[in-house]
């Protein structure tokens, strides 16, 4: 798996008094698509081994057009890079084929140590093998 | 401890396109006051013993006046009832001494069993002893 | 229209540190079903006439079982009562035919006056005529 | 005004099942500090003229350490750049003087046209004159 496309509708509680979706919601939209990609790959971002997790290292969004209540839009998430311990996505939101917003997300694979601290570890092979970087990011 | 009063300001992301605070946010306001009450009593609603928790059994709100961006308001939470395994609160939100909303919340003390299920248990004495029911709810 | 059934999956950002869906989210689930019911009736809860709105008067939830990440569940919302100026719903959440939570929601039809205040008005006939109370609430 | 510092405590509903604050919440923390900065400057980000608004063009966060329930932390927001029609902030979250996360936010001043579209306009002088870029971003 290297990408996933999801249709979504704006809910009332996602809007703010300006009448549009609050800018923080785009990060939740991106994450919904990420977890759908994992499910499509037969995985869960919450692994059965509770000592392993995938915290976020960095994320961003650029906004081109607002979304408003009941708008239907598309979320496309793609794997942009995989390293030994991290994975990065690019995400594009569109409505009627017009660009709405573009996001990035980088996360790490970590293990929780007995003292509660976290240390970055190699992505387990059973997870790593299900994903690959998209061949043409400009598609 | 039997009550706690908290000042709070409406944040932008708590409003919706109608221009007012979304009705679901009042439950988070009430919970912020509940957890402040527990801190004031020297406790945390997330106990050091991770096998014990306080899930919600029932909650409600009645709405009298809307709140909007940057409004300052008061939250007063009071303990209305304590039973062996449950505790119930009443919560009143006011702005400039006018009633905004009135809520209720009942929660139980539970223990997580090894199979992941939860069973209601008596509220531990170290917690029970810190709280008491308000003497005059009409105050 | 008198009822609507919606399938929904728990998203990661809807969970809290206890590992379950935060209790405030159930009110957003209920509202998603309400707005789906209105769309199914050919309407939008945000009418083209911006002077009319549908603020909430009262709402409640009882919780029977927790929901956790990636759970699929069903939301059934039904119209329990229609008066001249208000409408009330009952809402049942189930997972694999087991009761998860039961909610209620009452909202009013209001008009915004030129001074910004709101006054309750009769539900417009074009809206009122699309809905009816469910005949058997015990179904 | 060129910066604002805010103390904040992590609320229960801001955590997710991993036990830490969900990454989308940092954008709301940054926005709370932004609006506090505006209030400190005698302004509101929601101006009395409803035709003017300040939508976001771009935002980002880098995460260094997790935050968990009841953590107290500091938010420092600083104005990094002001152009004719835009303003950019840098934001640093710290806990006990350790870096937690670093964010950026760029917003534009827009006017809503009669057809509902938005066009970027110069920041009004009454607003522009209250803010200035911090002199030493490395402070």
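Observations
Here the chain labels run A, B, C and D in written order, and each chain numbers its own residues starting at 1.
Throughout what follows, contacts are C-beta pairs under 8 Å (C-beta built on N, C-alpha and C of every residue); 3 or more make two chains touch, one makes a residue touch a chain.
Everything quoted here is computed from the prediction, not taken from an experiment.
Between the contact lists of subunit A and subunit B, the overlap consists of C, D. Residue numbering at the subunit B/subunit C interface overlaps substantially, since over half of the positions present are found in both copies. Using the average of C-alpha coordinates as each chain's centre, A ends up farthest from subunit B. Among the pairs A-D and A-C, the greater number of C-beta contacts is found at A-D. One inter-chain figure worth recording: subunit C and subunit D are separated by 33 Å, centre to centre, where each centre is the mean of the chain's CA atoms. Centres computed as Cα averages put subunit A at a distance of 23 Å from subunit D.
Separating the CA-averaged centres of subunit A and subunit C is a span of 29 Å. Contact with two or more other chains is made by residues 12-13, 17-18, 20, 24, 28, 31, 46, 69 of subunit B. The part of subunit D that touches subunit C in the complex is made up of residues 12-13, 15-20, 22, 24, 68-69. Subunit D contributes residues 11-13, 28, 31-32, 35, 39, 44-46, 69-70 to its touches with subunit B in the complex. Interface residues of subunit A, counted against subunit D in their complex, comprise 17-18, 20, 23-25, 27-28, 31, 46, 53, 55-63, 66, 118.
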